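Following this line, the structures themselves.
The same chain A turns up in both complexes below, where it pairs with chain B and then with chain C.
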Partner chain A sequence: MVISGLATGSIYALMALALVIVYNATRALNFAQGEMLMVSAFLAWTAQRAFGLPFWASIVVAIGGAALLGFIVERVIVRRSPTATHWDVLIITLGLSLVLRALAGMVWSHDEFPFPSLFSNRPVVVGPVRLAPVSLGIIGASLSLMLALYVLFTRTRLGRAMRAVAQNPRAARLMGVSVERMSSISWVLAAMVGAVAGVLVAPVVFLSTKMGLIVISGFTAAVLGGFGSMPGAVAGGMLLGVIENLAPLYLPSAIRYAVPFLLLIGILTVRPAGLLGRATTRKV
Partner chain B sequence: MRRAVLLVFVIVGLAWPLLAPRYFVFLASLVFVNAIVAMGLNLLSGYTHQLSFGHAGFLAIGAYTTALLGLHGGGLPAPLALLGAGVVTAAVGVALGLPCLRLEGLYLTMATLAFGFVVIEAILNLDRLTNGADGLRVPAARMGPWALTTDGARYYLVVVVTALLVIAALNVTRMRVGRALLAIRESEIAAQASGVPVATWKTIAFALSAFYTGVAGGLFAWLIGTLSPDAFDVFLSVDFVVMIILGGLGSVPGSIVGAAVVTVLNDALAGFQNYRPLIFGTILIGCMLFMPGGIAGAWRRQTAP
Partner chain C sequence: MRAQLELHDVSVSYGQRRALEDVSLTVGAGEIVALLGANGSGKSTTLRTISGLVRPSRGRIAYEGRDITTWQPDGIVAAGVGHVPEGREIFSEFTVLENLLVGGHTAPAREIPARLQRALAMFPVLRERQRQPAGTLSGGEQQMLAIARALMAAPRVLLLDEPSLGLAPRLAREIFRMIERINAAGVTVLLVEQNARRALAVAARGYVLETGRIVMTGASSALAADPRVRAAYLGG
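On to the complex of A and B.
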C-alpha cells in the first residue's frame, strides 16, 4: 500500500518539479503542463503503434516531442504576451490546455488506450510483502531522474545560472546571464520531465485525453512541499501519494478523489509556505 | 446616440418573449443568468486580479439552495428564495475567502479550483439531500399565489433580477466598498498604507461575487428544472473565465457582452463538442496576446478621441 503510494507519489513529484522549474524561471504557473504530458504520452504510443519503434525509442520520441512543444509554446506564445505577468501566463496556458486537449481529441479520439509497460506484472516477494514491479520501476526511474536534475542544478554552469535567475532575475542579468534563454530552457526542461512522468504513469491510469488533470495533483504536491522549492516538491509528491492511497483505509472510500483538493485547501489555510518552504513576509 | 441604442435594447429586451420562439426565450434567459455570474466574477477578478475557478461550485450551491427551499420551504416567494440562495452562497464564499485571500493570486486560483471539485463530490455524497447523480427536480418559482411555469414568466423574472444587479454593479464604485476596491486594484501596498484594510475588503469582494453567483444559481435552477452535479463541472467555471476575459476585466457591459457571446457560441457548438474547447482556448490566448481589456477595452480605444 505504502509502496504503491510512493509510486503514485513519484509521478506527482515529477509533475510538481516540472511546475516548479517553470515557476522559478518565470514566476508563472504553467496550467497546460498536464496537457503537455498527455500529448507526449500519446506521441510515444503513436511512435510504437504506427511506426513499430521499440519501447526505448518511443520514449526518446516522447521526450524529444515534449521538448519541441515546450520550446514552441514558450517562444511563439508566452513570450509574445505584452506584459507576461503571472496572470497573463496563467490565462494563456489555460487557453492552451483547452486547445491541446481538443486537438488531441481530434487526432487520437477521447477513448482510453492501454499503454504497454516497461515492467513485468509478476510480483516480487521480499520477505513478507509482495511488491508490484511497476511500482518499483516507477520509483526507481523517478528517483534517477530526480538525481540527474539535482546534479544538473548543483554541479553545472547551466544549473547555477538557472538558480541565479530564480533567486534574482535582475542581478542574474547584470552578471551576464540571459534571463530569456533560461526561461526558454526551463520550459523545455519542464516539458521533458513531464514527458517522462507521462510515459511512466500511462500504463497505470490508461492513456486518455483526461490525463492532463494530473496537473492539479502536481500543484498540490508542489504547494505541500512549499512552492518554489525542488526538494519540497519531491517530498510533497511522495507524501500526497501515500496519503491518497492510505486515506480510503481510514475514511469512507468515496473521499479518495476529494483528498488532493481537501489537502490543498487545508495546507493553504494552515501553512501556505508549505512544509519545506520559507515564509515570505511582504513589506507594506 | 448612446441613449438611443440603450433604449432600443431595453424595448427589444422587454418585448422578446412576444417576438421570439420559445427556445430563444430560454436562451436569452440563460444569457442573463450567465451575465450575472460574469458580473460577480468580474467584481472579484476585475478589482483584485485574482482568478476563480470555483464559480461553477458557487452556482451549484445557489441552485441547490433554491431547489431545497422550494421543496421544504412551503411556498416561499421567489425574491426571498433568491435572497436565501445569495446569502448562503456568500457565507460559503466568506468561509473559503477568509483563509485563501491572504494568499497570492496563484494560490487562490488553485484553491478555488479545488473548491469546485469538492462541491461536486459533496453533492454526490450528500445524496439523501441532493439526490446525488440522479438529479433533483426543482419546484417552480412562486410569487404569492402564482407559480411561474412558462418560459415567458421566467424570462421576466430573470430580466428584473438582472436589471437590479446591473444597477448595483454599476454603482458599486460610488460606494465605500467600490472605492476601497479601486484603491486595492491600483496598488495594494498604497491602499494598505492609506489605512484601507486590504484583506477585509477582498473578503467582502469575494462575498459579493459569491452572492451574485448564488442568485444566478437560483435563477438557473428554475430555468433548467432539474439539477444534477455534472452540470456544474470545472469547464463551466472555465466558461465564466472566458466570458470576463473576452468581455473585458472590470467592465459591467463587457461582462454582459462576454456572457452573451459565450452562451450563444456554446449553444451553436452543442453538436461539435471537440471544437468548443478549441475555440474557447483560442479566444483566451488571442485576448491575452492581441486584445488585453477584451471587447470593452477595444470599444474604449475605438471610441476614444
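On to the complex of A and C.
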C-alpha cells in the first residue's frame, strides 16, 4: 500500500517539479502541463503502434516531442506576451490545455488505451511482502530523474543560472544570464520531465485524453511542498501519493479522488507557505 | 585618452516619466569617473541604460568603438561591462561561493578556478564565509560580495552604484580603497555616489546630474572647489 502510494507519489512529484521549474523561471503557472504530458504519452504510443518502434525509442520520441512542444509554447505564447501578467499567462495555459485536449481527441479519440509497461507484472517477493515491479520501476525511474535534476540544478552552470533567475531576474541579467533563454530552457525541461512522468503513469491509469487532470495532483504536491521549492515538490508529491492510497482504508473509498482538493484547501488555510516553504515568502 | 565608454544624447523615460534628458558622457580607458547627483536625479538610470536593462528612447551608447545601444544585457556583460547594482542585489539564498560562480556565468570554465582564487584573495572575509548563505552576511560583506561577483566576469569597465551606501565610515573607506585597487589593475570605473567627497577623492573627473540632465562636468579638483557642488553635495 505504501509502496504503491510512493509510486503514485513519484509521478505527482515529477509533475510538481515540472510546474515548479516553469514557475521559478517565469513566475507563471503552466496549467497545460498535464495535457502536455498526455500528448507526450500518446506520441510514445503512436510511435510504437503506427511506426513499430521499440519501447525505448518510443520514449525518446515522447521526450523529444515534449521538448519541441514546450519550446513552441514558450516561444509562441509566453514570449510573445511579455506585457501579460502572470494571471494572463495562467488563463492562456488553461486555454491551451483545453485546445490540446480537443486536438488529442480528434487525433486519437477520447477512448482509453492500454499502454505497455517497461516493467513485468510478476510480483517481486521480499520476505513476507509482495511488491509490484511496476511500482518499484516507477519509483526507481523517478528517483533517477530527480537525482539528475538535482545534479543539474546544484552542480552545473546552467542549473545555477536558472536558480539565480528564480531568485532575482534582474541581478541574474547583470551576471550575463539571458533570462529569455532560461525561460525557454525551463519550458523545454519541464515538458521533458512531464513526458517521463506520462510514460511511467500511462500503463497504470490507461492512456486517455483525460490523463491531463493529473496536473491538479501535481499542483497540490507543489503547494504542499511550498510552491517554488524543488525538494518540497518531491516531498509533497510523495506525501500526497501515500495519503491518497491510505485514505480509503479509513474513509469512504469514494473520497480518494477528492483527497488532493481537501489537502489543497487544508494547506492553503493552515500553512500557506507549505511544509518546507519559508514562512515569509511574500514581500510587502 | 581613448574613450572606452560613451553616451551621446541619451534620453530615457519610464512610461510618461522622463528620467534622463540628452545625457552625454565619456569614460576614458583606465579612468575612474564619478557620477554625482541628488536622489532621483537619474544616476542609477544612467547605469541601467548602459547595461541594457533600460532602453533609451533616444541617443547612442558606444563601448570600445561598438554601438551597444540595442544589445541585450547578457551580451553587454559578456563584452566586458560589469555592473554592481544599487542595493547590492546579491543572491541571498545562494552561498557566497555560489554567488561568485554565478558571477562567472560568462567566463570560460577553465578560468573559473583562477578567478575564484583571485576574488577570494582580494576579499579574505569572503573566503572565511564561502559556504555561508549570502543573506547572512553583514552589509559591508554583502557589498564586497557584490563587487567580487562582478569581478568574476573579468570586466574591463565596472559600473558601481553607491557602493558605500549605508556602510560605517571605516567600511566605506575600505570599499573606496578596493575601488582604487581594482582600477590600478586596469579596470575602468564609472562610480555613482552620494558620498561626493570620497568619490571625488578617488575619481579623476566627474559629472553632476540634476533631474536627468548633466549640469556640470570637470576635473574632480575643480568640481570639489566649485561653490555650487560644495553647497549641494559637500555640505557647504
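Going forward, the second predicted complex is superposed on the first by the 279 of 284 C-alpha atoms of A that agree within 3 Å, B and C clash if a C-alpha of one lies under 4 Å from a C-alpha of the other, contacts with A are read in each partner's own complex, and residues count from 1 in each chain.
Going forward, a contact is a pair of C-beta atoms (placed from the backbone, for glycine too) under 8 Å apart; a residue touches a chain by one contact, two chains touch by 3 or more.
Because the structure is predicted, anything quoted here is derived from the model rather than measured.
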- Please tell me which partner, chain B or chain C, touches more residues of chain A. B
- Query: Touch check for A:L53: first (chain B), second (chain C), both, or neither?
  - Reply: neither
- Message: Quick check on the superposed pair: does A:W87 touch chain B, chain C, both, or neither? Answer first, second, both or neither.
- Response: first
- Of the two partner chains, chain B (first) and chain C (second), which one does A:I77 touch, if any: first, second, both, or neither? first
- Should A:A164 be classified as contacting the first partner (chain B), the second (chain C), both, or neither? second
- Go through the superposed model and pick first if A:L103 touches only chain B, second if only chain C, both, or neither. first
- Message: Just checking: does A:M175 make contact with chain B only, chain C only, both, or neither of them? Give me first, second, both or neither.
- Response: second
- Shared contact residues on chain A - chain B and chain C: none
- Item | Residue ranges of chain A touching chain C (in the complex, touch as defined) | 157, 160-161, 163-164, 167-168, 170-178
- Over in the complex, which chain B residues touch chain A? Could you list them? 49, 51, 96, 99-100, 102-103, 105-107, 109-111, 113-115, 117-118, 121, 124-125, 189, 192-193, 238, 241, 245, 274-278, 280-285, 287-289, 292
- Task: Please name which positions on chain A make contact with chain B in the complex.
- Result: 29, 77, 80-83, 86-88, 90-92, 94-103, 105-106, 216, 219-220, 223, 227, 252, 254-255, 257-258, 260-262, 264-265, 268-269, 272, 284
- chain A-facing residues of chain C, complex: 51, 53, 72-74, 77-78, 82-83, 85, 89-94, 98, 101-103, 105-106, 109, 149-150, 153
